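Look for subunit A in each of the two complexes below; its partner is subunit B in the first and subunit C in the second.
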Partner chain A sequence: MKEELIVSGKHLPDIYPVLHLWHWEISLYLFLGGLAGGILFFAAYFYITGKEKEMPTTVKWATIIAPLALAIGLSSLLYDLHHKLYFWRLFTTVRFTSPMSWGAWTLMIIFPLSLIWIGTYMKEMFPNWNWKFKFLNDFEALAIKYRLSIAWLMMALSIILAVYTGILLSAFNARPLWNTSILGPLFLVSGFSTGLAAIMWLSNDEHERKVLSRIDIFFILTELFLIVHLFMGFMAGTAVKLEAFHLFMGGAFTISFWVFVVLLGLVFPVTLEILELKGFHIPKWVPPLLILFGGLMFRFVMVDAGQITRFLY
Partner chain B sequence: MGVVLLVTIFISGRELGISGAVRDSVVATANVISPVAAKESTYYGKFLKNGHHPMDNWLDYEVLGVILGGLLSGILFKRIRKPFVERGPNVSKGRRLTAAVIGGILFGFGTRLGRGCTSGAALSGASTFAFGGVLVMVILFASAFAFAYFFRKLWI
Partner chain C sequence: MRYAMAIDTKKCVGCADCVVACQTENNVPHGYCRDWIVENVEGTYPSLDMKFQSERCNHCENAPCVRCCPTGASHIAEGGIVLVTHNDCIGCGACVEACPYDARYMHPEGYVDKCTFCIQRVDKGENPACVDVCPTYCLHFGDLDDPNSNVSKALKDRSWYVLAPEAGTEPQLYFLR
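And now, the complex of A and B:
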């Protein structure tokens, strides 16, 4: 056991010597937030580009996952709160310098927006669907009329949602592993890649899956590129950054990161996707399952490892 | 197969095995469910001494590689099918699976008593001319021949 004597006027056992405040609830939320962001981005993107008929799962069916994922994610965030009844205080202020404020307000808009989006497609997806009330039918007609505007808004907000899951961590200037500006884009591409994986899993259309798979290959390769640069940044950094680097290079998170996140969650599925495009038969659930697993694992590793890294040595 | 085993011993300095990975998984699971009971157990406790993590063993990742490598080879040589139960023509799926589970448990128990399975004890052992390895190999095949008659209905 490594013992350490800390002399401090503060008695904060959850923060000193290492932060251990954030558990599975946060990792799960960051994963589901990115996943929902990815799904909604591609639904809006393919609608705006006029490929609604060509990509039915992306634009319609898969979007059902987004509000469900957000609901589960936000419930886990609420569960994590010590004073659960005070969550509404986030909505009493707008702070442009706080990622948490950005996230809270983005979610406040994108969550109902995703429900409206699904609502406009309910009759197309379930032909026997009946809204029962006249005002709901009127509202549906209005939403369908402004679907393009909704799509643009949803696309912009989904980028903010996915990127904020990373910036939320990188804003912690006292945690060297998180305090890097690469984390925002890294969580964005990872979230979009998991979103694509979920849509690919649901889709039964060969053409649609191929289109999504091509985009996903690009996102996974970008993610690998960003991971390499994340670690190069740590290598070129100060002693505390090197300490964070060593957690992943021989330290406690070496296997969970390189084997489970990078190899199993990125390199292997991208290899399978490339093989699939080359004409090999791949069971369609295998690459998405691995990507989703890798994405979840990535959040767990980053949240757990980040709390151990610190400036205090 | 023999070459693979010899090369493994040459490169890694130890034999190739599979059953050790199952043991590590069982110990790790027991350690998560009940850490106190796992540490107090004579058998599990051995693998949890001095803060050692039971999954800190290359065998576990070798098995992961075997699964992924098998999948990749199946894809490259177009042998991938939908999951199915391999069985004899006169046996039901349930019966075949039950027999497989019972057989698996007995084999797993045997590997712990014999300190290794077909790959770890018999093949790796025999490839280094270890007497124990050769003995395991002979007994493995002899007992398979002896018991095959009683379980033939599962396959023919």
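And now, the complex of A and C:
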């Protein structure tokens, strides 16, 4: 047998006996970041491919959610910081080895960019909209002129935004559950799927929802594949990875993951979406609600379970 | 210049003087500790082997906490000592999540804190507080690049191990068997 006991007392709050430093603030932000990334990606993508008229909600209306989601997410992150007054230190340096630094800078650029994007469409969405100041009108004209460049930039940044939420967690090699390179793509696909779900929920256009639904089916099936792959990696991994595996296979997170995230959040909605494409009538709000719920639960489960996995003791 | 510490597990009796000395020297907040004692028991009864490990931040060469810090508050100072610049720290906790040894903690004032190898003492040529206070003289500190330092001499003829080498952090705390 091998037994290791801390005998001097290490009653560090949030660290001992099990690490639990990150709470709901981080999970909520990861969800909202992925959601905003997904919405902005598809807005930019369908604009660039010239489908602006066909996909009005995707390119215009749904993008209003993105800055709202980011604002709530960023407030949540700020609330989580323990040294709040120094938050600006994130922006006095760029650290290429820290995914958190990439995220901070990506958000710094994509947040105003999303507002500019919405700004260029204000007069189309709200016909009586008046900027009132000349410099705003000039800026709107400039932004509309360069909308294609903004779209390309937004597409690239939204991918970074969604994928870095996973890369951030996978960079912590001290948490075996997180330390897998699959997490980046998994969070990317999940984030994009939640973005599609939000857009589908908002859209009233039958054709638009069909297009988004087909794409979402593909993303959810990819997500399911990546989850299987994730667990295969744990099964074939080192002792600490096997412990992470057991947390989800009979351990504390079994039900919350397989029922709430996989069954309710992925399998059930994708089935409903496929049935809807085949002609069955599914209430518009059911698949998106389940997907959004599943996405949120996924982040909660990953953040909580990851902090339980460890190398020592 | 590469500071490191060797802990003689045969001599450590788990008295925790090092824990208290550190708390006194570094004004560690009440209830927190920068170092701690682990009792390591191996074998099958009656052939049991017990070791005491006085653990702290390992001041890793490949420190994941420095790699993950978004502001650069967590940095490697001269001699390989890993430090946190308090006013650069935003208290995000990434470094706490990144440390496989759970050596870091969130100071009540908001920044992240941990063992600093008593850099304020090392800069004056002294040993860290824990090393000086140990009643069994089981802690050895010094410059690994100097073959005559206490730590180099302690490591020379003894078999040693490090904690969680598979984490790839290259820790600088050596436990003598």
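To be clear about the criterion, the second predicted complex is superposed on the first by the 299 of 313 C-alpha atoms of A that agree within 3 Å, B and C clash if a C-alpha of one lies under 4 Å from a C-alpha of the other, contacts with A are read in each partner's own complex, and residues count from 1 in each chain.
By definition in this document, contacts are C-beta pairs under 8 Å (C-beta built on N, C-alpha and C of every residue); 3 or more make two chains touch, one makes a residue touch a chain.
Everything numeric in this text was worked out from a predicted model, so none of it was measured.
Contact comparison for subunit A: of subunit B and subunit C, C touches the greater number of residues. Once the two complexes are overlaid on the shared chain, A:268 sits against subunit B while remaining clear of subunit C.
In the superposed pair of complexes, A:282 makes contact with subunit B only, with no contact to subunit C. Once the two complexes are laid over each other on the shared chain, residue contacts for A:128 go to neither subunit B nor subunit C. In the superposed model, A:255 makes contact with subunit B only, not with subunit C. Comparing the two interfaces of subunit A, the one with subunit B and the one with subunit C have residues 1 in common.
In the complex of the two chains, the subunit B residues touching subunit A come out as 51, 55, 61, 64, 68, 71-72, 75-76, 78, 80, 82. Interface residues of subunit C facing subunit A in the complex, by the touch rule stated above, are 14, 16, 19, 31-33, 36-44, 52, 64, 67-73, 87-94, 96-102, 104-106, 109-111, 163-164, 166-168.
Residues of subunit A touching subunit B in their complex: 1, 255, 259, 264, 268, 271-272, 275, 280-283, 286.
Considering their complex, residues 1-16, 19, 21-22, 80-87, 89-90, 92-93, 95, 97-101, 103-104, 171-175, 238, 307, 310-313 of subunit A touch subunit C.
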